[in-house]
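Report on the structure given below.
Think of it as A, B, C, D and E in the order they're written, each chain with its own count starting at 1.
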Amino acid sequence: MTDAALASAPPVSDEVAVQITGMNKWYGQFHVLRDINLTVTRGERIVICGPSGSGKSTLIRCINRLEEHQSGHIVVDGTELTSNLRNIDKVRSEVGMVFQHFNLFPHLTVLENCTLAPMWVRKIPKREAEATAMEFLEKVRIPEQAGKYPGQLSGGQQQRVAIARSLCMRPKIMLFDEPTSALDPEMIKEVLDTMIELAREGMTMLCVTHEMGFAQAVANRVIFMDQGQIVEQNTPREFFNNPRSDRTKLFLSQILGH
Amino acid sequence: MTDAALASAPPVSDEVAVQITGMNKWYGQFHVLRDINLTVTRGERIVICGPSGSGKSTLIRCINRLEEHQSGHIVVDGTELTSNLRNIDKVRSEVGMVFQHFNLFPHLTVLENCTLAPMWVRKIPKREAEATAMEFLEKVRIPEQAGKYPGQLSGGQQQRVAIARSLCMRPKIMLFDEPTSALDPEMIKEVLDTMIELAREGMTMLCVTHEMGFAQAVANRVIFMDQGQIVEQNTPREFFNNPRSDRTKLFLSQILGH
Amino acid sequence: ATLDDVKARDALNCGVNPGLTGFAAPNAEGVWEGFDVDVCRAVAAAVLGDATKVNYVPLSGETRFTALAAGEVDLLARNSTWTFSRDTDLNLDFAGVNYYDGQGFLVPSALGVTSATELDGATVCIQTGTTTELNLADFFRVNNISYTPVPIANDAEGRQQYLAGACDTYTTDASGLASVRTTFENPEEHVILPEIISKEPLGPAVRHGDNDWADIARWTLNALIVAEELGVTSANVAEMAAAPTENPEINRLLGTEGEMGAMIGLDNQWAVRAIEATGNYGEIFERHLGESTPIGLARGLNAQWTNGGLLYAPPFR
Amino acid sequence: MTIAAEPPRQGFRPSQLLQDSRYRGLTIQVIALALLLALIAFLVRNLVVNLAALGKDFDFGFLGNRAGYDINQALIPYTNNDSHARAALVGILNTLLVAALGCVTATVVGVLAGVLRLSKNWLVGRLMTVYVEAFRNVPLLLWIVLVYAVLSESTPAPAAFRGEDAQASRLFGLIAFTNRGTYIPWPVWGEGAGVLGIVLLLSIAAAIGWRIYARRRQEATGRPLPVLWVTLAILVLPFLVVFVLLGAPVTLDVPTVRETGIARFDGGVNVLNSLVALWIALALYTGAFIAEIVRAGILSVSKGQTEAAFALGLRPGRTMRLVILPQALRVIVPPLISQYLNLTKNTSLAVAVGYADVRATLGGVTMNQTGRELESILLLGLFYLIVSLIISGVLNVYNQRIALKER
Amino acid sequence: MSDLHSQTVAYSRDTMLPPVPPPRREAGAVRWLRENLFSGPLNIILTILAIWVLWLALRDVLPWAWRGIWNAGSISECRTIRDQLYGEGTSAACWAVIRARWQQLVFGFYPASELWRPPLALVVFLLAVLPILFADLPRRLLWLTAAAPFLIVWLLWGGPIWGPVAVALGFGLGWLAWRIVARAGGPLLGAVAAILVPVLYWIFVDAPLTAALARILPIGLTPVRSSDFGGFTLSIVIGLSGITLSLPLGILLALARRSEMFIISKVAVIYIEVIRGVPLIVWLLVAQVLLNYFLPSGTNFDILLRVIIMVTLFSSAYIAEVIRGGLAALPRGQYEAADALGLGYWQAMQLIVLPQALKISIPGIVNSFIGLFKDTTLVSIISLFDPMRMSSTIRATTEWGGIYWELYIFVAAVFFVFCFAMSRYSMWLEQRLERSHR
């Protein structure tokens, strides 16, 4: 987790990857996301943090329509997310997602986990899909586990498989929802290293995490959410050293004091 | 965990508590313990360490015949462990054991956990057993939890109950199998303190643990096992500062570097 | 011997039908009543002096003979047809006939059939495990017409299926048909065809091999029949038994003359008690099956031989 | 690393029988075995004595005797002149028939109900809950009787099909539901039917070939080929063409209602109402249990799996087929198979509707007529036991295969 | 702020937005209807189908049931009343049969003056179960549990109280023998003595003792014969005695099946598989026609007792499997801890393993009971007066011949209420267990 990581990352472009405007979401009567406005440009690495229940997960799950928003607009890579199924399919195959609990398919081997979507969604021949998969498994440094079932791997290995599985779809944007919070301390590092490498290659990333070291090392921008709203956003340096709102200060004091 | 702990411990006597000679054990075809020779004298405090799967647990489980050995001799407190059930019963009531996962009886209160074996094995009247139990619960500093069920206690408290439960049988030897490795960091100390106190009172102890601080503070002797064999044994000072075999060095570097 | 067992037990174990209208069924108080039940009561009265000392053991068609053979019951009074193979092969002895029945057919008038021979192609509801099944096959074969059997589990199911039209005709013993018909909402819309296709002498049965006990059952039944012939009723039996009458047969029956009781191992009052408990055959019939009951059966074959029926008790002598 | 020799053998002392862990188990087992044998000997002795007292013997010869009773449903030729053994066989086949029909239907019903119970549609969900609870909490025997009664009450008599202006009409003009049973047309094999059979076999082979080819193609190119439609076409088209070319060698024997005399259907095959009732009742009853199993199985696959599949861009249908079902099946299949076992055993309740299953023939009329209770019940029990063992054998094989894959 | 750029990201909100209620179509009944009934074409079709099915099912049944006639002495009376009320031939249920015969449906032929006894026995049973289910009740109540079987048998069958007392005495003697002999001669001899003494006592002393006591102190209830049991009382008696009696047997079988001793575990496996492989109805046939063959000639005990024995043997195999599941759910550590403390096999089982395994198994046991309770209807096939057979018998009387649906519906409804309540209870237990295990 050195600054070297950032240094070698390609510069952020001006092209817009995700644009969210005036978005609101309710769960029944409960207003989870309130007037969200957010623009992510290609190559940006955004870390989202905030207290539990503030709507971080919901926000990123809206981006690939795992949750439906009720008002406002979300445009991902030029495609607006409406209830149009074609658009949803298009967005989902361009956006990769890594979950807190990995959600690997336990009945498939690691390799099959990685080739499933390319074969059935992208219609890539099996051999080719497997080659790609092996490539990404090598990238996350577990090619030797390709034949095993997820249940036979450690948590850190599983999460790296999950990352490889997403990458096999060659997504333009990656979403991470607390990818390390279900892991033992030793394993966290393995996963963070993988993510740092991804960042270095210029992947557009939105990452919900409380790993502040990671945020400082990798993010272009840190977004702080509370009660369904974006309360503050800034570069990591400013955000950590010079938080403006009181809520942010309070939150940081808790996180860092912990 | 100061040296003061050791200083006040009674001196080690010459009387033999456990004598293992030429002991071998197989699981099916797998040779778990190979030619083990070990003499423990009364009052000794032995720490056993070694990589995972090296047979540490198996070794100490052989000492109270939770596992059967196939050749060699184990003599505990003058009784040889053969398939004679009387001998086994005798040894088990003289040897206390504390497990990694506590293994308290969840359907009994803490007090009942502690009085069960004295009442049914030693045939001690209930009142007397309860008095003893309270005494030991006080010693492990949780007399106020006597009426609760194990499920209502924290891990550290549960492990201390487990220790008290063993002590209630007034064992001559105590075996510990990684007593702290299932605990959160804060709770480890509580349990180690209890164990240190036991050591100070001169209890003969064999303890599988990776708590090197504990080993240094309390043990007379550290035994290092690998692949079912005792590879090295020495005083803690020598062992840590001046390991002789390469394996020990490698192991120590991993443990301490971690 | 069975007699000793019964006396020691002080109760008669009597196998009955678990529910056949008029023949055996418990009433609202749970007391068993019916034509067959009265045979049990009569025997109990004769042997034990108390008609209520009966343990009724309800038996299905399939297990009745096994139960008798295994000694679960002392007497089987369960509308069982006396046949050669049952008498000889199945370890039991029939003590006589208490009801001459025959298998008939019940059809809706709307079917437009007036004779069983017109039943070609009919679907026939029939209870399993009884002789009716075999008779049916024989009848249709003899008349060279075809049929489809619909086996049913018990009388109530048969009635339901028949009313629902699942079969064109319901066949069982004519007495059963009559009683079934009375329970219909519109009995007049159904007719019992004139043909009776089989002989169904129904009678109580006992275990094979204990002839003394068989005698008791046989002659208790005969006593009831002959009582009717001789005009002995439950009303006048006490009076008649008090002193010898002019009719020596009545005297022998009622024990005022001779030692008939001792010959079957009972005292001389046995028949008196039986008749007192249940009445004579005619009374039993009228009470459970006769014209005054909802079932409303005519005596027919079951009239005394003196009235042109088949009831003919051997002489008491 | 010396391999130590065996520990020295000590002399054997009798007290070791109780005190030594090596021998104590043996002692206990010998005692238990002795007690067991004593019990068996006691029972057998009683049996011999009692049989002798009743003048009976233990002999299966009666199976060869003439049965003398009719069975209204026989899958193999049977008349009342056949032997009891054949009657028993007819019963066995009838039992297996209703068990097989029941298992298939119960699975369909159960899967449907289980899935519908999870449906977002409130009304449907509730309806399915009512169905499941109603069937699970009322004895099967009652359901069999009730279904039988409903069936005969709600279907028309054959007479209703008579005449030009019949009140009742047949399904597709072919199948007649009556209160006697369901009359269905039956194919009659004419000349050239064999060719047709061969064609059918060939097209089945071709269809399977197509499936394999489609899979290979997809693996090679990534493009999936249409499987369902092509399979259907392969199965149907050649058959139709040959059928027409050969001049319709197979005709349907369509049941017709007799216009004179007592109304009844001739021709075709009559599926007895007792069979239908038993079948429906068993299927609905077991289906209710299967619905619960299916529901639990689907719920056992965590929501995260669906989300992960969606996030990868898989469509809901594919997600179900590739991700959810394979996982749910592992949870579903073992209890499902034991439901099949229950259903098979429950067919013995056929007696309530007079269906001629093995309990009704071998364990009913035959036992009753020959008085051979011991032999009949023994054979009957043996039959059920063998069927059960086969089914649980299948279950074990499945479990082992799963265990292999999980490893 | 829509034009945020990574170079100009700094943003801080100073006023927090208040929560806003969702747009109309996202709330209230509209949303509920849309989401639950009409959320898509498939859903709409399903809704319509469901309504149609409901209509089909209830169209005829509800009016028939609603018009039902409750007061009549026989079916013909019912029909007359119906014709007066609704006109000729209208369909209307005749519930009067249930009023007239409810006593038989519930109690069978149990003597009318003694009807308080079966319910009281049930209450005693429930009270006896309480201390087992709820560990926080005073332990002294377990004495009630121990006494309950004898009390219940006495209440149900009546007779002098000394019969059950004398039998109970046998158990007491067995316990005494165990205490004395085990101390002197070791557990195995103790076990032998604990079995032998009571058996000898029951064979030789019990009957004369009972007779003598009954003569000296005649306390007793009117005896009731087994053949008088019927209706739901019979179902409950068979079901409950089957389950409770099969429990000890099932525990032994489960322990045997898990035993490391080859012969013992194989015998248990064979027993369990054979029992489970053959339908209950065949076992009942065995009870009815075969059991006598296997007993010394002359022994002839009543069919109810035989059925209870058979049902017990039958359900013990199922209970064994349930308990085996409970045993398997216990972590190995519990066994090891017991071993390490020096507890013997039976001590460990009695004190550590069984209390926990049985607790885990309670939902399974309740489910087995529901199954068994439903299966008691099968005894109708061997002519015991369970509710099903009782219905046919009522139909065989001249008053009520022709009644059909009413009785079955009543029987089904009662079964449903019982079983549904119990299955909900076992589900609740299961959930509670799951929670307490976490």
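Please note the rule applied: a residue touches a chain if its C-beta (ideal position, glycine included) is under 8 Å from a C-beta of that chain, and two chains touch if they have at least 3 such contacts.
Owing to the predicted nature of the structure, the values given are computational and were not obtained by experimental measurement.
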item: Touching chain D and also chain E, the following chains; value: A, B, C
item: If a chain touches chain A and chain B alike, it appears here; value: D, E
item: Central chain of the complex, centres being mean CA coordinates; value: E
item: Far-end chain from chain B, centres as C-alpha averages; value: C
item: Leading chain pair when contacts are tallied as C-beta pairs; value: D-E
item: Furthest chain, CA centroid comparison against chain E; value: A
item: Rounded Å distance between chain A and chain D, as computed from the means of their C-alpha atoms; value: 50
item: Euclidean distance of C-alpha centroids - chain C vs chain E, Å; value: 40
item: Centroid spacing, where centroids are CA-atom means, of chain A and chain C in whole angstrom; value: 88
item: Centroid spacing, where centroids are CA-atom means, of chain B and chain C in whole angstrom; value: 85
item: Two or more partner chains touched - positions in chain E; value: 289, 292, 381, 404
item: Numbers and ranges of chain C residues touching at least 2 other chains; value: 66, 157, 160
item: Junction residues of chain B, two or more chains touched; value: none
item: Pairs of chains found to touch, sorted by chain label; value: A-D, A-E, B-D, B-E, C-D, C-E, D-E
item: Residues of chain C defined as touching chain D within the complex; value: 61-62, 65-66, 69, 89-91, 111, 113, 118-123, 128-129, 133-134, 137, 148-153, 157, 160-161, 164-168
item: For the chain E and chain B complex, residues of the former touching the latter; value: 135, 331, 333-334, 336-337, 339-344, 347, 351-352, 355-356, 359, 436
item: Residues on chain E engaged by chain C in the complex (per definition of touch); value: 75, 79, 100-101, 104, 108-110, 112, 225, 227-228, 288-289, 292, 300, 303, 381-385, 389, 391-399, 401-402, 404
item: Touching residues (chain side chain A, partner chain D) in the complex; value: 64, 66, 89, 92-93, 95-97, 99, 101, 103-107, 116-117, 119-129, 149, 151-152, 162, 165-166, 169
item: Residue numbers on chain D that touch chain E, as the complex places them; value: 18, 25, 28-29, 32-33, 36, 43, 46-47, 49-51, 53, 116, 119-124, 127, 133-134, 136-142, 145-146, 149, 345-346, 348-349, 351-352, 359, 363, 373-374, 377, 380-381, 384-385, 387-389, 392
